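Take a look at the structures listed below.
Paired with chain B in one complex and with chain C in the other, chain A is shared by the two complexes that follow.
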Partner chain A sequence: MPTKYLRSPNRDHQSPSTSALDAASLDRRAFVKLVGTAAIGWGVSPVHLRAAWAQRPIDPSRLIPGKDRRLIVHNSKTGVLETPVELLRQHRVTPKETLFVRNNQFLPGSLTLDPLPLDNWTIEIMGLVKAPRIISATELAQMEQTDVEMVLQCSGNGRSYYARTVKTRGTQWKKGGMGNVRWRGVLLKTVFERAEVTIHPSARFLTAEGKDAPLVPTAPDFEHSVPLHDVIDKAILALEMNGEPIPAVHGGPVRLIIPGYYGTMNIKWLHRLRLEAHETFNHHQIPRYRTYIRPVKPGTRLKRTFENTAPNWHQRVKSIIWSPLEDDVVAAGPVTISGVAWNDGMVEIEAVYVSTDRGRTWQRARLQVPASRYAWYPWTITVPLRPGQHEIWSRAIDALGRSQPLDGSIHWNPSGYEWYGVDKIRITVS
Partner chain B sequence: MRRIFAYVFITATVVIIVLALTQSPLPKGPGVELVVTKCQTCHGLEYLTDSAGISREMWAETISEMEEYGMEIEPQERETILNYLATYLGPHPPSEADRSPHSSKSRNRTIDAAELYRQSCAACHQAQGEGMGRLAPPLAGNEMLLKDRRYALLVVLHGLEGEIEVGDRTFDGQMPPMAHLRDEQVAAIVNYILTAWGNDQRRPTDFAPLSPEDVTKARSESLTPQQVWEYRRKLR
Partner chain C sequence: MPTKYLRSPNRDHQSPSTSALDAASLDRRAFVKLVGTAAIGWGVSPVHLRAAWAQRPIDPSRLIPGKDRRLIVHNSKTGVLETPVELLRQHRVTPKETLFVRNNQFLPGSLTLDPLPLDNWTIEIMGLVKAPRIISATELAQMEQTDVEMVLQCSGNGRSYYARTVKTRGTQWKKGGMGNVRWRGVLLKTVFERAEVTIHPSARFLTAEGKDAPLVPTAPDFEHSVPLHDVIDKAILALEMNGEPIPAVHGGPVRLIIPGYYGTMNIKWLHRLRLEAHETFNHHQIPRYRTYIRPVKPGTRLKRTFENTAPNWHQRVKSIIWSPLEDDVVAAGPVTISGVAWNDGMVEIEAVYVSTDRGRTWQRARLQVPASRYAWYPWTITVPLRPGQHEIWSRAIDALGRSQPLDGSIHWNPSGYEWYGVDKIRITVS
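For the complex of A and B:
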């Protein structure tokens, strides 16, 4: 019931509601209820009203009960929250309270950390298969389970850094559109075996749909395609996150988890899998969530086609510095610099190099062994720093020699996806 | 009872809009009401403020994309929204002073020069042009301003840096260039300081008021604050 969130308005402050209330000569509770109803009609949630009433910004822990109130709100309606690096760096495995949220659409009742029930949840498997199947979440729970720890990262993470050349529209994520999470569920290939799904050889792509829906029914419904051959051995239909049923806001009761892929491909509230010969041409697969194959000058707006773009599938090699932080003041002498690195899990991260002289010389940081090839690799290095302004850069390289560009804007694209430039922070040493 | 219900529902709706507007994180400007009502039906206004600074074409594309998502707007509303977004959330948003209801948003509205002075200059030169200690020279009774018709104009547009004497006081500060003000605004402010606080009494009779065209011309000279200081020195 929306009314329970409403607080009576501040008496010192003559709000427009007071006169409206007098005019209507209704009791406050009834009025407040009606405002709530009208608000819903207008798409204003009780959380907004409450914030408006109290004249302060939206509190993430009210938008999504259970979330840490220090998260940054990027969309106060469907729920888009970023984890500040100060919180991100506190845990090797990101707890549900601080994990970022990126919702494109909305599933009623999902803005909570509580899980949704498994009962009556089904997943339809259809398309280029001998016979379509419907499996239930409870059946999935009976099958053998697999665990994976991995970096879950929004493909828009780091978008704000493209503004160093030409700003791109959308949420200006810094470094906190990601986390390192443990999932448990059933391998996709096991599901296919157990459900006796026979796939036609012409099937090349797996297209996944969630139960969420766009606000306007005529709008394209969010879905994504991934290459079947690449995901078949590693994708899981996950039922648990960090050892608990997946919180509703993170896509439970069943979420498609594809280790190494960008977050957007990990479809939440999974309820349909289609096997197809071609990628979907749904708006969210093209032109959204794609980058140009050939670098373009920042600001170039080329029509995005299947030929000139690639989807946000494999995560790029990336490292971030999470201590110190941009604009920190640290004492001169030995300064410890730390962060994490990761890639798409195809091969290992081989090294992370750190430069304190804007790329003239690089020193190799100490890497920790990750929990899995898809998880993040914590790294540290201690360097002597003299008083003054300093820039610290970090750059990861993997066993295939894939690394981060010195100027990340080389990968500029109109929606600002897949930022993976060398991480650069500025600090003061005193 | 039905009628009361309908009445209250409408009132409540109005309250929502008023609340949304008073709480809106968006800068005020023509069309903001439409943007606030149209653009937060599907997501928060954070998407808009986060995107602030993108070009007009990018905003136009964004609006088209929202139409694909089911946003319904009339062509005229589209124009209003695009103008608002491209201006107030575009690459060069107007400054606070320009946005205030006292400044001229449309050319045909009269400019309140005193108010502009209060907003842009009084923090340093003080309300009556009396100056501030050793930090900012007085403008009231300042002889230099009356020696040359264009001098004050050059200072406002290009700034001033270097040691100066005004009466028996010396100043060695920096006057920041105020080039973000529009031509009409600069003309109005300069005409104001040349006539206010009794300055008009001592003003030479051949001192014609400055026009926006004078400002356009002076703007194109692009001097440094030090060059303006040189200019001042030659006036002695």
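For the complex of A and C:
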């Protein structure tokens, strides 16, 4: 898996992570200019310098102060960090220090775990409403607060597994583009009530924008639409994460949190909500962040339309094995296998089944009660294993019968979203 | 399960099935009048007469000449017949004599297995098209023909199992509101090409009407909308069933066949196709023939809207056990269990798993290759069973990970559509 580095050879050849930190304190225009220059510089940089870089991994805690040094750096430009499973499995609630990061755009001053101030932060509510409203973050803080513990997962999580058939573009996430986090904030419907927002019946979508801006000024600004009917009674405008003001890098001071939805729909640095009759056709809503409705042969790149694709909204049911890990060597006898499972929270996870004979038979694992319907379900099972090579497979199924495909590549799509295949690891029993 | 009888005590108290046959030869207006009179008569009929009726089961072969006498009569007014599993399992392709029947409305002369003539039968194509067209059934017969073997299933099939929680209205189907049938006809896209139909890009739905009429003249005429994008390359205007002209009672001379869709969308006696921007809001499209998107507690009757429901379009993945049968007594030792599985044909069925320990462990059954992706997959497995009472459960899962809920009542809806729960039977091993 190639790691990308900040393209800033003209500034400091030896420590690109320092450059990223500096960039975080620049304003947007200056940052774009810097990156632009750097990109030009990159083209003419000597080959030996590139090689030298590749040998110096970036320290995530320098890229985003406060982050654990053991995180995997996928992209230091906007800050894309993955949580290794060894860290992910240590806590029921993922601490801010180890939580994954995936940013599409850039907000000056946001590459830190420190919070941004509530003061002067406002959110505009507009579109198919009787009268537009502007509410302040401090007003939000005075409204009734709701808590939710939930899986936050990048829709690209697991993308690297699509490479078993045809590799797809984008960050090559393994299992750690996710975490289980507690949020606190104001229910969307409460915000609308308290701000006296009257919505026209023709409004079917909620489109959200953050205060961040594209790295390239001419690029379309990041935004997403979600179905209003589905989110109105569960989305929250969150002010806290894990009991503290939301760290800047995770979208504070105000983030749109939609339990059960993929991370990308949980708009960071929220500053505008639009009530609309149609889903936005912004580049980030289509063709990005969508999957084909009908499966295609891996490698097939059909034009993505509103008819043949669906957005990365509801998280697919999924389980991962987090102990043992791929290529582990374990002692023969009873082997304990454990992991977590989750879905979109619409119904409960019914069971996680484990197979040690490549799908011929499956046994039900012990499932722990989750903190909420949107949180992950830890599971564990002990199976007798003889010495030799073994494959361990896990498959979650929920109360609606929604489960994981045996071969996750059935859901192949050009951008490698929504990997939810049966998790499969190989281990050696000695 | 109460059987309903034709309400015609004024005509012939002793043989209501004869009345139904007579009615079939009346024109629509006379029939409605007859039923109306009968309904009034019913209210004043002596209790002992009703009791006498209940003891005289209607002979399906008199209700619909040619049908097997062993079919279950659910409604003799429009002709609603179920295939007992004992008959269903005898053939890979369900013969016309035993195929289930479910009619919402009435077409004079259609209660027979005989075909209706192609002559003078036309289909109008209208709506968002450059110019409306009328094509004749005889023209269709001269176009390129396509064959498909597929499961035809009433969306009410299995409705009786919802009564395990809260009984729902409508025909109390068990497992036999389905069959596996071969159709031959012209692909919809071929029809459009040959008839030079130019469709406006805003057309997103295909709405189909048959020549039948409501039993009550003021009732809304039966019609359904399906998503044009999804059906355009698989729907056919069928002229033959199982190698013969389509029997009148099964929708000939021309029936809209949409492989993978529930039976109700396969409009019989097709005479009009409308290309439209919006799904029809006809009574039979909404609130009828829809299920809630979010599960509700059984018994909950939310107003059904376009937002909170989805139409009975794609068939849910499903398996049924057809041997042994509920309450069978079998000899101890290896017991062979068999049945069929199917889905909407979007992807293959991956496996059918069977559990004899109430879901703790599951074993993969042997699956036969189906005749088409839309046909049923016969499966079989042999398991050792000790003497005593046993529950046998079957669960199909497809290549997308779509499977059956352990408790099918999770999908409860006021009209009891789309039962697809894990199939469960109790048997005694002696």
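Keep in mind that, in the parts below, the second predicted complex is superposed on the first by the 375 of 430 C-alpha atoms of A that agree within 3 Å, B and C clash if a C-alpha of one lies under 4 Å from a C-alpha of the other, contacts with A are read in each partner's own complex, and residues count from 1 in each chain.
The working rule: a residue touches a chain if its C-beta (ideal position, glycine included) is under 8 Å from a C-beta of that chain, and two chains touch if they have at least 3 such contacts.
What you are looking at is a predicted structure, and each value in this text was computed from that prediction instead of being measured.
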| With the two structures laid over each other on chain A, which partner does A:Leu188 touch: chain B (first), chain C (second), both, or neither? | neither
| request: Return first, second, both or neither, reflecting whether A:Leu81 touches chain B, chain C, both chains, or no partner chain. | output: neither
| note | Of the two partners chain B and chain C, more of chain A gets touched by chain B
| said: With both complexes overlaid on chain A, does A:Cys154 touch chain B (first), chain C (second), both or neither? | reply: neither
| task | Scan A:Gly359 for contacts with chain B and chain C and give back first, second, both or neither. | result | second
| request: Return first, second, both or neither, reflecting whether A:Ile337 touches chain B, chain C, both chains, or no partner chain. | output: neither
| request: Pick one for A:Leu116: touches chain B only (first), chain C only (second), both, or neither. | output: neither
| query | Touch check for A:Ala208: first (chain B), second (chain C), both, or neither? | reply | neither
| note | Listed in rising order, the residues of chain C that touch chain A in the complex are 204, 227, 229-230, 293-295, 307-308, 316-317, 346-347, 350-351, 353, 359-364, 395, 397, 399-407, 410-411, 420, 422
| message | Which stretch or stretches of chain A touch chain B in the complex? | response | 15-17, 20, 23-24, 26, 30-31, 34-35, 37-39, 41-44, 48-49, 51-53, 55, 58, 73-78, 80, 163, 167-172, 214-220, 283, 301, 414
| said: For a test of understanding, state which residues of chain B touch chain A in their complex under the given definition. | reply: 4-5, 7-9, 11-20, 22-23, 40-44, 46-47, 50-51, 53-54, 57-58, 61-62, 68-71
